[in-house]
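As written, the chain order gives the labels A, B, C and D, with residue 1 at the start of each chain.
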């Protein structure tokens, strides 16, 4: 669980990891190694204020170099919100996230549809399953050129789609995508804020953290 | 102007040039105030001293017009009320012991004038400022709220101001990672040209980690950390709180500068984490945030609260702009700065933490023997003053107080307003009210605020109160609500202030939390107007007496005068914030009915009288403001609160919503739409339908109770003598709100009316 | 039809967090020699020839910029 | 010391809600004749003379702009 200056939902991601039964390990933006973690979650927030472009500065943080290298060796990486933006800026995922079509920050309970349950982070969901998680972002509009989008669609790399309304004008209602090997997933909504009914709109987000534990289990055992 | 060679006005120079003319009036100092400064110093003040006194003796910092009235809060606070209070009025923010070893601190402050000049930055820095106040108490900020007032909803300028203010609060608060858990949006034409942007922050710490701002321990170092100091809002404080917006900057030849600051939420976020780490490592003896009046305020307050004097080397302050004069540096309102007192042996560790967070930190002076605050500039003394005379012994005014001549006419103006009587008219009125700017859904605003970050938000908009979990193990949490109705206060300031208190108290209680403390932001017109001063005095007395009656103390607050356009004052607007405690947030009561409440019995608690003075109905339908506001009975409010809190603890209720603006009709509309579940209600056949639906009598709430719990609940009400009437039943099947004999509203129709108003006004 | 550029910049004495963030990041990315960065907005307007410089100034100062904290420059694209 | 301007604009094919909002608002404010508005970023850099155009392009395309979605123009202020 990486913390950049300006990360906000890092503690919440750590809580979700705990709820899922794993041990969260705090990584600092200028750490020189990944402390042997089994998976990395790049949290939401406004790293470095998102001043130039969401994720544009964080992408150059030392720890990101390590994450990119490890991802290429198959380390599961989850980018949530700002984390998704950072993974795109870092080139781990294609496309970019722009200012919401409505021009405002949008915080709402959003229905999501699982389009690909074959990734390291979604194997606990049924394909086509829908659940409600918070989406809360200023720059959540996913864009990529035509060919990239077609490729994502054809290869089934659109992992989540917005259902019942598109909150930010994303192409094809895309809410989350993954790398060709399905180990790196990025999404704008916040599964870590849907881990119990008391503080979130549902508890269904926990499945993403459970999924990665399943995905890692064979390796571990 | 030249970057170098700023000739500085030293103490020595002041002594040798006793009678050169000084621009004290331009700085907002009256002749007698200026005379008193000369008397205190035994000479003319230097330019830097003059800048310092002028900002610190401004209305905004010195409370010179309100002090004599605010004392009444202290006089009416009993030891019993004080029991749970760890810090009260006078500190950066009040602190309350909420149990399990937790202390909670909260405060509301105004940033009205800057938000009119530059809505986005004005509102953003309002959030930044209140958050630093909470941080300066040693607490981790946990959430914010934003009570807002704007001119008429349709007015062109409102279309400029509101979106900017909301985006500013969102931009800053969201970037800090603080959930926004509530607030207000009120439209009234009296706020045209003078919006009210109040901001509340709540924070928590372990009881023993409380940090009060003081500088003790001779030899301890004074460290300034955070953002660099620039030419922001120079002279801002004295000017912002006066009736003009542009600043004079301390007698130098520099062109006028905007008295608006630009916020840097990222720097503040890092500053927060940095401070919390410094607290955790015990590296801080005393700490003060730099808000209005910047270093003038921080140094003089730290010094006068401590046991020694202080020496500051001003030339060490890291600057953002070239050629700044000592006066400018002392009064700069650059944001995102803090000032700490640190033991010499801890300075290295302190600097290490700042380095980790990439926070600029500079040792600028130290605590000294004696009782003077001495500021030097490249070795020459530019300030040498007794700090108390700057920070606490400013002027105090007994402003003339006089009941406005037209007060009787306003109260006597009980025009016979045409009322809806047929079912069709009532039906139409329900929809019209639900769609009116003050009652419609706030979603267009609140959707721009992150309410989830930190993962502890249990209730947020559109609930009656915001609620956050403070202790993840025990589930202990706090609830907050801010309320204020300027129309009520205009009609009767004393009762109006108590009605604001009563509503906030009720909002907290319906959420299941026990109200324990009060903060307030008193937004009024010019203190030089005896009529306004009367409104102020009455409101303060009403609020203080009300708190005494409810047995909960006012722990802090803020006064904002000169809220007027031309010479017309705004509606007198005390905004009251009430803090409540709940042992286990899992026991909270939601505001809306939902599926799980299907078949639960709806009960109406409290008594309904024919009370339409200052009502939303009179405002929306007739544009009328006159008569007397609803009667307040705090004993009944307390009884109602006791019942709701007990019922929540025993899990007797599935939903509760208080009745306020718009009366029963609006409360039912909201409860149905919030939980997206309908209900069927029957009005009392022996009473007037219009009065039952739209009267704004205080001390009422509607609750949903599982059939099995009804006996226990009504028993509870009986014990506390809270009148109960069976109103109807939650009805999940039909998706309608049915008011028997009046109308049946499909929820979709209600939602369309309730949801479309703000988007239509301010864009999709 | 003419093309008009309006550059809106924070006034010199006004804090510019965005520009600062960029300036601070550049050395970390291995770019030396940039001593200061300010960030503002760049507007490109397509306007009828009927629209005169006066109107453009009004648009810029009344709407694109807030003169309290921002300066602006209006340029017509040389065609 | 030289002053450099970098304008970063959303690519033409990319929706620009901010520019559109401005274009929509102008008529309401009584300004006719503006047919289209695009909004981007304007950077002002103070650079040592050591910094050549190449480096500036690298800074712009590697950092100030995201080539996936944005185009940029680098200009040196004529001195």
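What to note about this one:
Methods note: a contact is a pair of C-beta atoms (placed from the backbone, for glycine too) under 8 Å apart; a residue touches a chain by one contact, two chains touch by 3 or more.
Since we're looking at a predicted model, the values are computed, not measured.
For chain B, the chain whose average C-alpha position is most distant is D. Taking the mean of the C-alpha atoms as each chain's centre, chain A and chain B sit 36 Å apart. Put simply, the C-alpha centre of chain C and that of chain D have 9 angstrom between them. Centre to centre, using the average C-alpha position, chain A and chain D are separated by 30 Å. Of all residues in chain B, those that touch two or more other chains are 264, 266-267.
Among the residues of chain A, those in touch with two or more other chains are 48-49, 51-52, 102.
Multi-chain contact residues of chain C (touching two or more other chains) are listed as 17, 21-22, 25, 29, 39.
Applying the touch definition to all chain combinations yields A-B, A-C, A-D, B-C, C-D. The part of chain C that touches chain D in the complex is made up of residues 1, 5, 7-9, 19, 22, 25-26, 29, 31, 33-48, 50-51, 55, 58-59, 62-64. Residues 48-49, 51-52, 57, 60 of chain A are the ones that touch chain C when the two sit in their complex. Listing the residues of chain B that touch chain A in their complex gives 167, 170-171, 174-177, 264-267, 269-270, 357-358, 446-458, 469, 585-586, 764. The part of chain A that touches chain D in the complex is made up of residues 52-53, 56, 89, 95-96, 98-103, 141, 143-145, 169. Of all the residues in chain D, the ones that touch chain A in their complex are 10, 14-15, 17-18, 21, 63-64, 66, 68-69.
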